[in-house]
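Both of the next two complexes hold chain A, though its partner changes from chain B to chain C.
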Partner chain A sequence: MTDLVGCIAPEKLEEYRNVFVYLENRNGKISRGALEMLGKGKEISVKLNEKVVGIAIGQDLKAVADEAASFGCDLILGAELSDFNGFSSVAYTNIISDFIFEQKPNIFLISGSREGRDLVSRIAVKCKTGVAADCIELDGDPTNRLLIAWRPSFGDKTIDQILCRKHRPQMITSRPGSYKLPEKVEKPDCETRIKKVKVGKLVAKHKILEFKPKTRLDLTSSKIIVSGGLGIGGPKGFEPIRKLAKELEGEVGASRPVVDLGWIPYEHQVGQTGQTVRPKLYIAAGISGKIQHIVGMKASETIIAINTDPDAPIVKYSDYFINADAGKAVAKLADEIRKYKKAHLVEADSEQTA
Partner chain B sequence: MAIKIIVMMKQVPDAEEIFIDPVKFTLNRAQARGIINPSDENALECALKIKDQTGAEITVLSMGPPAAESAIIECMGRGADRGVLVTDRVFAAADTYATSLTLAASVKNLGEFDLIIAGESTTDSGTGHVGPGVAEFLGIDQATYCTSLHIENDALVAERDLEDGTEVVSIGLPALATVLISSNIPRRAKLRLKIDALRKGIEKWDHDTLKLPPEWVGIKGSPTVVGALKIPEERKRAAKRITVDQLGELVKELGGMGLIKTEEEEA
Partner chain C sequence: MALNIIVLIKQIVDIDLLKVNPSTGSPEVQNLPLRLENLSKNAVEEAVRIKEKNGGKIYAICFGTEKSSSAMKEAFAMGVDEGFVITGYQGNDPARTSMVLAEKIRAIPHDIVLLGNQSAESYTGLLPGKISRILGERLLSNAIKIEIVNGRARATMAMESETVTAETQLPAVISVTQEINEPRLPPVMQILQAGRKPMNVSATGIKEVTPNKIISNIAPKSERRKIVFEDIEKGIPEVAKAIREASR
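So, the complex of A and B:
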């Protein structure tokens, strides 16, 4: 057993330099969340005049290193596992912490994916530092070499600035989809150092028996999303929503309480603890517009809100506000779209015949 | 011998009745009704299922204000054998590091155990970091995002729900698991068990019990701080009011924006 030790701060903060990014990868591809973190890491490193360093663990890291380099990574530190294939929190925490002890990074960014959230607090405990989770905005303060991280408050309406002033590295996670994907750099200039690592002892009793792949609904790249909240009244309330989504060739989203109530699976949840989406059109039916939902959809191009409460907070986030019952308005909207399509077809036909 | 399971449970405020004090940056939970954190109910149910099948001794461990006692009694009413509430002003306002440290110290104080089960995340802070933090302090393996747990010989066999699939993993005991809300349907408390629980009572531990240096716990032991608050700056949107009778016009606008695909365009 490890000894319990409080979060003792290091004496010389100035020894800690550079921005680390965990390059979560599968089958030689870096995950979307990790690429977003790499983009943010690059921005912050430039601002602080530091380097952005990618940390990769896996079996064959050549492709991962190339991809990270193309997005502007300055240095890649890789650990190739020679005796274990898969993910283990204990092994990965040890490897990453060793890199931290050796390299003393100032900042460490980890995607808030399931793998990232499985690892991040173990790493923080091992390295005696803090984590700000599910951040939605990141910035660097060059004067104090601080990471300025923002996350929605526990209550509502405000966003909190979270600082880790005295401990290093300053660690954060952001959910995948929180930021745009970075642009590739023109001339990658990146050093890669890959070492072989054996983790046998650490994973002696950790056996991955089976992996059943499945595709999960990914709303982060959807063009159109129709979401339902508590105001749709019950699981049946999703029927007209599904119809409307189908008519628009879009996907179905949801607020958290309806997921918690089991009206619809988690993969549909939009918001701080769900997916962050940026579609061309977002329709929010029976959703009040609490900040934890708003942060997950406010980057949408056009927002239509449907709510019986004319003063619901969602009003000010909407381009169009329909003050009506969600079920009725959603069904009517689907009807009107069907009509529009027909009319459009007729028009197109008549143009052809003319 | 029956295996020993610790369920980590937090009492959280029900819904959104909480508000923040903008001067002190603290949550005001006073008027909100306390409930068992939703995924912790599933954690307890996982433990109770193991108890049903093979027998187990279940301890519910919670850190929080004295009012959390009622949530522990509720857990005992569902079938947990013992309840411990770690409660002390010096433990308050802890971030994940200090919370995990205090809970790990409490686990050590409980003595031997085989399995710790936690919820995936809490609804009031929602980081999901406390479970893995405790596992790291204790130096044990973990399985996160589980939808089912089984004990086989000296191992925990867990199904983990990941973004791209389901992983079935076997890890040696002692271990920690975190479970998802979708993993089961929690049972209700039995009146008889609840009366037993009230009679038996819970144990209350404070800094004297755990003997942790004051600078390691609570707000002092927390590396992260809230620096400032801001009201989100939003892109101004028109909030154009539309009645249900005007939806036809709205659809035309959407069509004009290229948001409605007609079969013509697809062809």
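So, the complex of A and C:
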């Protein structure tokens, strides 16, 4: 079957230049994941001495372009949709692929949101290149103009370093939350080229009936997270965890198996396939510290772990480690914090009355 | 309207039982029990529900190994009518897997292709997009609800920041999320009959395609303080203090 060919390596790799970033947006605002990618794209482009180019599709692209420019985008290529408002993987794949055929990017970064994953997979097929999905760190190799990407291996201890030497663009995704938000640049210097595009026929057979914004627990901006893993013993094990989280005005997180077991909803999952968090304080109770969990929380400022196994891998990733039963230690910590707060409150009161 | 439904199923090693070889640090997947992956069960369940409402026939395709007939039998017990096992799976390579599956899908006249939105093994979630693009069919992704209305597929999709309800012509590829349904426990009669349903086994000729190469595989460095408390009574006040400092 000739049309089922996989990937094609272009002959003249040097024709492929610049770091492209897909600027996923809604109502004139770039998504957090896309901003993170823009920040990474900027870093890599500087290293490779190339430009960072933003691709924007939708409506209200002026606002999107201004925001991208403020984060250091060098060029913005926009497709302003005159007859359609919303996301369509069919239409967007075609528009982005046209940009790729025309512009020949060296590197293409897409946020690994649900929308991004639909897109990147379809674009990869259309443009006959590969995708490294869910990368957790990126760097540029200026000598070979290559993107170096890291992602957790299938095992649970190591990280793979990945290169795409012969195919272009070198395409990758990272889950939203993987990187810090970039800093704004002092003097934006960005050219914007927006063309009007009619999607017409492309989405005619694919009607969008309703768009409803969704509210969901967002751990990516939480300051304090107390997480439970299999070591908490059962759904009831989350009771002391919730208590401590409440005491600290934080949120509750979880490892994947406890989500799979239905002890707590998916929106609490931290890790490679859950949310990537970077709180000031992360407490891991009864979590072993497999790599897929670690990559989702290793950027936390302070990490405290509680585990009955003194050799659990999490020890290596902790600032403080209590070798104890999770339920007991968490409950004691909650008590201790509450006592302290109470004593403090009394002190503050007595100062006021004095 | 009777529908031909294809459901893509995946067999995985029981990840909960996965052990890592302590000297090499790589996972040992040999000799682990295999089972039908969770999201594949959601996809099969949805196929059965669509058939119950609209009539038709359900085919399942599994790209796996000689051992995949057990996963196929699980799918038969849940209500799949005919199965295709393609052998030659060599590990996670979405580019290759999507080509192998697309080739088989094309050979079967169909209205709907159902699959999980990601797999419990890789979670990269690239297959639905790749397959739909290779087939040139519409994609409804991350469905939490599917209806067939006037010969078209209507799905409510849980996207990153919104839920979208969209409708498309058939044939279409639809990926489902875990929330879409509660997979049934197969009735005993169906388990007993599962062995009698037609199962076609063939090998794929499609070779490795992924252009990405792994050039190193290492454990990440960690520069944490690693202060260990063996005694809980000593540890609690110290750690409570650390918590207060960290959360300031």
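Note that in this section the second predicted complex is superposed on the first by the 350 of 354 C-alpha atoms of A that agree within 3 Å, B and C clash if a C-alpha of one lies under 4 Å from a C-alpha of the other, contacts with A are read in each partner's own complex, and residues count from 1 in each chain.
In this section, contacts are C-beta pairs under 8 Å (C-beta built on N, C-alpha and C of every residue); 3 or more make two chains touch, one makes a residue touch a chain.
Because the structure is predicted, anything quoted here is derived from the model rather than measured.
For the composite obtained by superposing both complexes on chain A, the positions of chain B and chain C are in clash. When the two structures are aligned on the shared chain, A:Leu345 is found in touch with chain B, with no touch to chain C. Once chain A of one complex is fitted onto chain A of the other, the partner contacts of A:Ala124 extend to both chain B and chain C.
Counting contacts as defined above, chain A residues 1, 4, 6-7, 9, 26, 87, 89-90, 93, 113-115, 117-122, 124-126, 129-134, 153-167, 205-214, 224, 248, 260, 266, 272-273, 280-281, 291, 294, 298, 302-304, 315-324, 328-329, 332-333, 336-337, 340 meet chain B in one complex and chain C in the other. Residues of chain B that touch chain A in their complex: 16, 18-20, 22, 25, 27, 38, 95-98, 100-101, 104-105, 108, 121, 123-130, 132-133, 135-139, 141-142, 144-145, 155, 157, 161-172, 180-182, 212-213, 215-217, 221-232, 234-235, 237-244, 247-248, 250-252, 254-255, 257, 259-264.
The touching residues of chain C, when paired with chain A in their complex, are 16, 18, 20, 25-27, 38, 91-92, 94-96, 98-99, 102-103, 106, 117-118, 121-130, 132-134, 138-139, 141-142, 154, 158-169, 178, 206, 209-220, 222, 224-230, 232, 235-240, 242-247.
Remark: chain A residues 1-2, 4-7, 9, 26, 87-90, 93, 113-115, 117-122, 124-126, 128-134, 148, 150, 153-167, 204-216, 224, 248-249, 260, 262, 265-266, 272-273, 280-281, 290-291, 294-295, 298, 302-304, 315-324, 328-329, 332-333, 336-337, 339-341, 344-345, 348 touch chain B in the complex. The touching residues of chain A, when paired with chain C in their complex, are 1, 4, 6-7, 9, 26, 31, 33, 86-87, 89-90, 93, 113-115, 117-122, 124-126, 129-134, 153-167, 176, 205-214, 223-224, 248, 250, 257, 260, 266, 272-273, 280-281, 283, 291, 294, 298, 301-304, 310, 315-324, 328-329, 332-333, 336-337, 340.
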